[in-house]
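Report on the structure given below.
Chain naming follows the written order as A, B and C, and within any one chain the residues start at number 1.
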Amino acid sequence: MTQTAAARLATGAEAAPAPAAEPVLAVEDLQTYFYTRRGLLKAVDRVSFSVGAGETLAIVGESGCGKSITALSVMRLVPSPPGRIVGGSVRLRGRDLLRLSEEEMRQIRGNEISMIFQEPMTSLNPVLTIGNQISEALILHQDVSRKAAMERAVEMLRLVRIPEPERRAREYPHQLSGGMRQRAMIAMALACNPKVLLADEPTTALDVTIQAQILELILELQQRLGTAVVLITHDLGVVAETAQRVIVMYAGRKVEEADVTSLFDEPLHPYTRGLMGSIPRLDMPETGTKGADRLQEIPGMVPPLNALPPGCAFAPRCAMATEKCQAEYPPYRELRPGHWSACWHAERLMAGGA
Amino acid sequence: MLSYIIRRFLLMIVTLFGMSVLIFLLLRLMPGNVADILFDAGGYIDPAERAQIEAELGLDQPIVVQYVNWIGSLLRGDLGYSYITERPAIEEIAPRIPVTAQLALWALVFSVVFGVPLGVISAVRQNTALDYVLRLISLSGLSMPSFWLALLIIMFTVQYFGYIPIYTATPQSVWESLAMYAIPAAAVGFRSSALIMRLTRSSMLEVLRQDYIRTARSKGASENAVNYHHALRNAVLPVVTIIGIEAAFLIGGLIVTETVFNIPGVARFLVESILWRDYPIVQNLVMFIAVVVVVVNFVVDMLYAVLDPRIKYSD
Amino acid sequence: MSYAGPQAQAVDHGAELARAGAHVQGWGGSVLYQARRHPLGALGLLIVAAFVLVALFAPFIATHDPLATNAASSLARPGGEHLLGADFMGRDMWSRIIYGARISLIVGIASTLLGCLLGVAVGLISGFWGGWVDLVTQRVNDVLQALPLLVLALVMAAALGPSLQNVIIAISIPVIPNVARVIRSNTLALREMPFVEAARAQGMSELRIAVLHVLPNTLAPVIVLATAQLGSAILTEASLSFLGLGIPEPYPSWGRMLSESAAEYVRTAPWLVIFPGLAISLVIFGTNLLGDAIRDILDPRERS
């Protein structure tokens, strides 16, 4: 476990482990609240999920649905005040991270759980060299000298396929392109060969052409290192290409959960259907006559978290909504094996979709 | 980086040119010209003699010619002639420069030594009792006029040490010479350190909000590593430019402090020249001060460029 | 900064929300809430308000005519007939300080207002018109900002001659570039906003857009700047008067009171040095506290 990813790959030792039966990371009933002047915001409201070694779980939703706060809660990096984790558990191989001391937690961060952030431009320290920033995690968590850490940092840069890694390690973030910076971020996150990688919209800020390369890189490294990946995105197209399981979040809650094939074959929540309407499809004829293929969007806006309706939070935007939806929050039900949804009318979707 | 230096240098030249025009025009605004004032003192004005004086001073020429003449003589190092002491201005100003420079340097050292660390501590301990106390101290420092602080210091030393820390040209001992500079420097530096402390604090807080600080935490860096390895390096960069702002700020403090402690420096000389209406001296002194401030700022910007890799390695 | 730590056993949602100010209602409520959140700012507001009241009601608070001389009470000690003592000419210190508040606040507020007004105009013009107008005003701002504030004020005061109005003008000049710079950058950002585009599409003139749409949106930064400048304007007046280039006689200016009594009375009549300086420091301290709180409240970047 003290071996770095790079070192392990260099010896070519293990093959990718098969997804284990026991999850590496198990989040249960996580509740993160924000106490603000505008009232109590339940940014993450009883969210549960788990992810096994070598597996990719996608968390999908529009911005503001609580997916990033979920990841920050796992890292215990929610700024406080105003944020606060008020309930639930985050188990890393059985150990509840929410009960650790700050000191113990620090030994987990960057070592057993790492995170990649959305903005490679602002997420790297502008006055420290790339090599310095990658080797920092190694020096913190592994008993290595500064020099050895720097050598491994160069190895990591080579691993994420940055050309001329020796030179790049001595350069500063602004000297790298956006795609290269994100590669450097990935190198930094994987330096200590973490068990879990949280990737918060890792490709959103990048050019479309670079996006695919970065995703491919993450998946490839995951295969080789056996990392459990939690991929946070608003883009269902990305999900289809990468994830094995998906949870869909809306207004701080989980609204649907399934393995990726069954979710795309038969989404059982109108919100998920709406999201799917906004993916460009190559196999479908263009809908508009003007050629400007404007994607179908879900009408309306996410309700503010401080003014959630008593019933289903999606009801105000939902074409299928009935009085019951307005009045009562739907239970979270397993409608098919491993496929859960929180919708009163999920059965109608099953009938209609299949 | 070369293009940055060239751009910054040209900007400095433009600023200095604008400054000289502004100062020149301001001084033309002043009531009466030198000839008037010289003769008013004597109570007698002979029109012929007056015309001759004006011609000598070039006051009868068009304003543009007067300006060009002035700049020409400045560039030759000719600072003109004091009408009060009847000596070349350079002889009046030159011996005063080291006095003020020493005072300014001590004050700067004082303000950086106290201001930067206390500002950092205040930011790192934001909203704790310590932060509140430090902020109150720095706000009091900014609220107290330096001349009043200087008077209080004199009052205190007289009361308890029976000693007046007033400037003497021939200090009797090393201690006396040190006290001679240290006390006024502290009076000026207290206010400046309060300014530096405030600016350092807000610079540090700004940095602590950045994304890369969160990245550092996500790597498992300790609070100390985050504050002093990741944040401080970014926060001190703007603090370097603060030293440039300081130059202008210090001069304000020096003007009143030199007056209170009776220190024969450049700053007090400016006030005296204004009160004596020795306008050629005022004009050249203000220009001198402006050049010092602008050049200090230029040097500070160059220093910043060397320290900040974003500028150093840009094309 | 701290982070959401280990999960607490029980969280009192009500108390947490009250701390965050969730139940604040109405204008009065939010003033009270801000005062509780910024106790130092509330203190500053109280200090400034006290000085304003003193200035307004000076005739009722002063015990003597601030200008009346009286040889008999020359350098009288504090207490007895003269609350804070009397100066060399026997003028009552307390009354002079009370009336001095008028000078200090009039000069401070008037020069800040004038400087802000001109600064906003310059900033709007250079931000909205751009081109060479912008270039020239920018360079002039550079020049004005490079000169030390007190030097500029000194030269201006000397050039204009000593009078109340001229001191106000002299002090307002250094304010202009500070305000203009902020307004200019705000204007540049605002002119690209959709609502300005919309107004332009409706055929509104640039001047009308600038005044009706852009100006109101720059109000918050102007208020922040104005309170920040107020203290420094009051200090500059005191410094000018101390150096003999500020408010002329017979107005009782705090700065002048200190220059009259300076070095020679330090030993013999310390009350002449202590009290006017205390008044200057206290009023500037108040405006600084208030200014900081206003900046924290209005500047979204400062919110945590």
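Some notes on this structure:
By definition in this document, a contact is a pair of C-beta atoms (placed from the backbone, for glycine too) under 8 Å apart; a residue touches a chain by one contact, two chains touch by 3 or more.
As the structure is a prediction and not an experimental result, all values here were calculated from the model.
The chain pair with more C-beta contacts between its two chains, of A-B and B-C, is B-C.
Closest to the protein's overall CA centre, chain by chain, comes C.
One inter-chain figure worth recording: chain A and chain C are separated by 49 Å, centre to centre, where each centre is the mean of the chain's CA atoms. Averaged C-alpha coordinates give centres for chain A and chain B that are 53 Å from one another.
In this assembly, the C-alpha centroid of chain B lies 22 Å from the C-alpha centroid of chain C. Residue positions of chain B touching 2 or more other chains: 217.
Within chain C, contacts with two or more other chains are made by residues 1, 3, 304.
Residues of chain A in contact with at least two other chains: 77. Those residues of chain C lying in contact with chain B across their complex are 1, 3, 40, 139-140, 142-144, 146-151, 154-156, 158-161, 231, 235, 238-239, 242-245, 255, 258, 262-263, 266-267, 270, 273-274, 277, 280-282, 284-285, 288-289, 292, 301, 304.
Listing the residues of chain B that touch chain C in their complex gives 11, 14-15, 18-19, 22-23, 26-27, 29-31, 126, 132, 135-136, 139-140, 142-145, 147-148, 151-152, 154-155, 158, 206, 208-209, 217, 248-249, 251-252, 255-256, 259-260, 262, 270-271, 274-275, 277, 282, 286, 289-290, 293-294, 297. Those residues of chain A that touch chain B in the complex are listed here as 75, 77, 106-111, 114-115, 117, 119, 122-128, 136-137, 140-141, 171-172, 174-175, 185, 188.
For chain A in complex with chain C, the residues that touch the partner chain are 32-33, 35-40, 73, 76-89, 98-102. Residues 210-212, 214-222, 225, 230, 233-234, 237, 308-310, 313-314 of chain B touch chain A in their complex.
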